[in-house]
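Alright, structures below, take your time with them.
Heads up, the next two complexes both have chain A, just with different partners, chain B and then chain C.
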Partner chain A sequence: MKIKILYLTGLIVFIFGCSKDTTVPIPSPGSSFIKETDVLQKESKLLMEGVYSVTSGSEKFGEYIILKWNHSGLLLTCNNGLHFIMQAGHLDSVVFVQGYWRDGYSDATGLCNMYISKSEGGTTIVTRNGAQKIIIRGAYGKNNGLPDQVLTLEYLRPFSDHVKNSNYYILSHRCGGRNSDRLPVSENSIAMVRFTEQLGTTGIECDPRISSDGVVFIYHDPDINTRLTQKGPLAGDVSAYTWKQLSTFVTLIHGEKIPTLEELLTFAIDSTELRFVYMDMKSAEAVPTVIPIQQRALQHAAEKGRDIMIVLGIPTTDVLNALKAYPDYQHVPSLCELTVDDARAVNAKVWAPRWTLGTQNDLVQEMHNDGRLAVCWTIDSPNWIQNYIENGHFDGLLTNFPYVEAYYHYIQE
Partner chain B sequence: MQFPHPYPQWGFKISAGLAMVRPPKDLLENSYQAPLVNIHMIFGLPWKFSLESELTTLIVSNQLTLGPRFSYLYKNLGVKVGWDVAFIYGQLKQGGFDNSLQAWIHYPNLSVGYKLKRMSFTVKGELVVVTKAVSKSGENEVNNSKNFLNGCTVGFYIEQRIHKNKVFAIGIKDNYEKFYWPTWMIYTTFNRYYHIPELSFSWIL
Partner chain C sequence: MGRKKIIVTLVLTCLTLAVFSQQKDSVKVHLNHYTLTIGAGWTHYIDNLENGDKDIQKNFAGVSFKFYWEPEYRLSLGLESGYYQLFKVKGQLTDNTTVEVSRTVLPLLLLARMRIVDNVYLGAGLGLAILTNKSSGNNMKIVTKTTSLSNFELSGAYVYPLSKHWLVGGEVKMFHFGSLADWMYSVQATCAIKL
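Our next item is the complex of A and B:
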């Protein structure tokens, strides 16, 4: 009897000790003032972009902040994972900027309200005339609390010619972010593709798998689990189910449906400004099915005049061999994670080594000499992102923290 | 082994056990499950002091702790205070990886226990202070952290005499930490605390 009590106690404590993973909620100001403002013209937005010095608030946000517009709004990003997801508009000659900040490495977040007065750059931005002297004043807060900490940014310089002229890709993992980053949308979902541009992403990595009836869909893990999905009737090997079963019964953790590869590519082409899609093949069997989808997507992109690279990722020799078995495989745009010789053997457009192998500048130069790009994966530490951008010659880095990569890319002189 | 009481001078006790750990999904996305093997030794010293040492291993992650204790027993109630210093060594050379870790962690700790005739109940709390943690991939230093409060742990242990002098112990421990040493090889960049439950079973030999 005593032993039973002993076991039971242990079991109950263990079960209740398990913690539930959470999402960091997006702070809500209650009402959005930005909706009442006028939209800024493209030229006005470009005038705002650049490097700002932080004259108040540098103890939290660092010495400099990068301001960069994207498809959905405005990103302000720091060197330490702190970033602001903002919207902006103008009333008369005053520019209003409103949104929230978040620390990508922790759960810290809060509201932020800022403005640019007429005399401190508002008139220049709105009329696109005059000296480019911009001071952004405002405050930030904690969670849903009223912003009460002063933040002042002063325009320092535009992006360098090196940055403006480079064809650099800020590549985000799993369509833009992992579930463990506690973003408001699920990894490998259409919603994530929409969301990730706000984080500074210019290209995405996704994870194609194939269903038992031959439909290619985007999903990272080999099994249906509560890390990726809400509790439902299906379990076990995700590829053992038909597409109808998956699309009917599986809901991603934040309520989205699993996308097909076709849906994802169409969305990326039609509804974003992304320039790179890296299909990290999770199954060699899917290769012959993925290639025609890739070809149709590239055709669709060409018709729409979209400059977007869509490459078939080769992470294993199984996938490499499956590609080699495909007719005319050397004309399939691919990204090879294996050796440079493997990349050459399949005429890969991109060579993508693991970051822990180092910057490998000699091999990157060889790839460039061949007319190939080189990107590396998956690099998350701010120090290493800085190191690889400053000392490496890669054409892009795959990361879970695109705003950090954006900071170190755009701040280059 | 967990219940606080003065040990006989120069006396020696040893226990062996397993601990099942469930790291949060943020750290380990795939549900790798492997038990931590644990050897715990106590050596009695004069004046109610003792020296405790623990070796915990997962093959690729290993921790060796050593630290003094002072124990006091009043009727059925025992109290023990101590300070452990741990060295952690990890190496992963399989599957194309060439990763390693060396770290030093301090665990100041306090235990309070109550004993019955054949059972004892102990609550143990400890602070976890990392003084140095260096992880490498090949020759690249991936992380070099120094001197931070990593969190705390709270454990509840039941020890029961099963047969003659053989004692079985079951414990549940909540590690509330940022850096959980057995998972060093994933190089997490998150700066947030996690509750990591640990269920342990051990035999006091």
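Our next item is the complex of A and C:
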């Protein structure tokens, strides 16, 4: 009898056990108070940026928090993957900060409301005048519950000159984040490019493929599957289909359409402050089609006065050979994941070794001496991110957790 | 939720039969023989497409082939294959261009079958399936294949012996093709020969 009950229970768990939830719901306060406030000037925002000590709430958020503004709001980030995606504005001399926190390594999330009173830095920030003493007071909650746990941050110092003067790239995977991290938008989508700046990203990696009729689009896997897309009638090798078929029948997991490379680059140039786009070529056949798109995008960026590096990634010898077959290939801005000799052979602007090979400071120095950058992929553990930032000389790290990288980068003295 | 209800109902029905069936067995079966079964009938795709399923066709004819080794009274082991069309959809690419997409499946499953009461069998199978997507229109045809490794089948059958060697019957079965998360069921008439 026990076996029968066990069997029946197991069967019910099997049938009902699978969850199709692909996102951690963003907590919503119902109405946004920030919409009623006035926009902070750029100088005011810069005054707020820096390292804060956590005087209440440190048991959850750690000893320090980094506050950094981005294109769409402000990011508060901790050393353990906890981060806040916030908006801020002011009424008179009081600054209000509202948003939500999320643990990047789990599904934990909640609302957060904070403010800076007149006497504790509000006046200084709004008038951009006076001593820089800022105390941010407020509370955080769990999911959609009212924030009821005290959180207090005290301004400790601005970012160091080393940080301010460095040309460091916080590079995010798959246009800014993976589906497996249950973000609210799909990986390798335009929506993700828009979203990822809120996570501290300053550059993105994307995955170009080519359709059977020669259109370069952004998609990671070789096949159409329910990890990346809503279930639709197409299946199998994604590159076997024409662009019209893909754009008609395939919808990404959160409802977006697959972007073309051209759409993605135009959006990154026109609508973000991203400074780096790393095209991680998924097919050598796409190289001759991608290079003219890259050149047009760089031309467009130059016309708009945008300081953005758009590089053709070389992850395999097939792609390397395809690049070498292209006329005047040494003038194509590229990023080589192979050896330093390969990077030199194609005059790559960036050398990008796998992180498991170590910090390789001597080779990184050689690349710097050649006038090339060096970035490292793909490093996700907070301890290793800290180690590579503190002990390595890379110009950027590619990660799935940009807020952790932002913490360890901006906290450097 | 509808799909889950169907699955639960089917599974619980099978389970009840298996768990509470009588031990009495009045059929005299010739031991250790082989059976070849051919089935044909109606198939229905359980539509769980999240997009692109406007004007979807879900009902088709399908055939199956089974080979059983029946070493003793109750349990049989076998192999099953077959050919089924899952769905056909039409989509509008441009104002004057439509495209047709269809998916077919060729399963290859290992089966275990159990006689519950006289002439009534329950079975389950696990194995491979090759799913073929065909997309045609705009003067081109694109065929892609997906090999699915995690597939299962649950079935219930009634088999009536016409003679020492020939049997006829009917079978209801449900398939799940894991790699593309497709579900279908089929009702088939079967004809078997004991070898």
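Basically, the second predicted complex is superposed on the first by the 392 of 413 C-alpha atoms of A that agree within 3 Å, B and C clash if a C-alpha of one lies under 4 Å from a C-alpha of the other, contacts with A are read in each partner's own complex, and residues count from 1 in each chain.
The rule is short, and it goes like this: a contact is a pair of C-beta atoms (placed from the backbone, for glycine too) under 8 Å apart; a residue touches a chain by one contact, two chains touch by 3 or more.
Computed from a predicted model, the values in this text were never measured in an experiment.
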item: Partner chain in contact with A:Lys231 - chain B first, chain C second, else both or neither; value: second
item: Touched partner set for A:Gln245, first chain B, second chain C, both or neither; value: second
item: Which of chain B and chain C A:Ser212 touches, first, second, both or neither; value: second
item: Which superposed partner A:Asp380 touches (first chain B, second chain C, both, neither); value: first
item: Residues of chain A at both interfaces, chain B in one complex, chain C in the other; value: 7, 225
item: Complex contacts: residues of chain A adjacent to chain C; value: 4, 7-8, 11-12, 15-16, 212, 223, 225-226, 230-237, 240-242, 244-245, 248-249, 251
item: In the complex, chain B residues that touch chain A; value: 22, 24-27, 29-31, 98-99, 118-119, 137-138, 140, 142-143, 156, 158, 160, 170-172, 174, 187, 189-192, 194-195, 197, 199
item: Chain A residues within the chain B interface of the complex; value: 2-3, 6-7, 9-10, 13-14, 17-19, 21, 103, 105-107, 178-180, 220-221, 225, 227, 356-358, 380-381, 384, 400-401
item: Of chain C, residues touching chain A in the complex; value: 4, 7-8, 11, 15, 19, 48-53, 87, 89, 91-94, 97, 99, 101, 103, 131, 133, 135, 138, 140, 142-146, 179-181
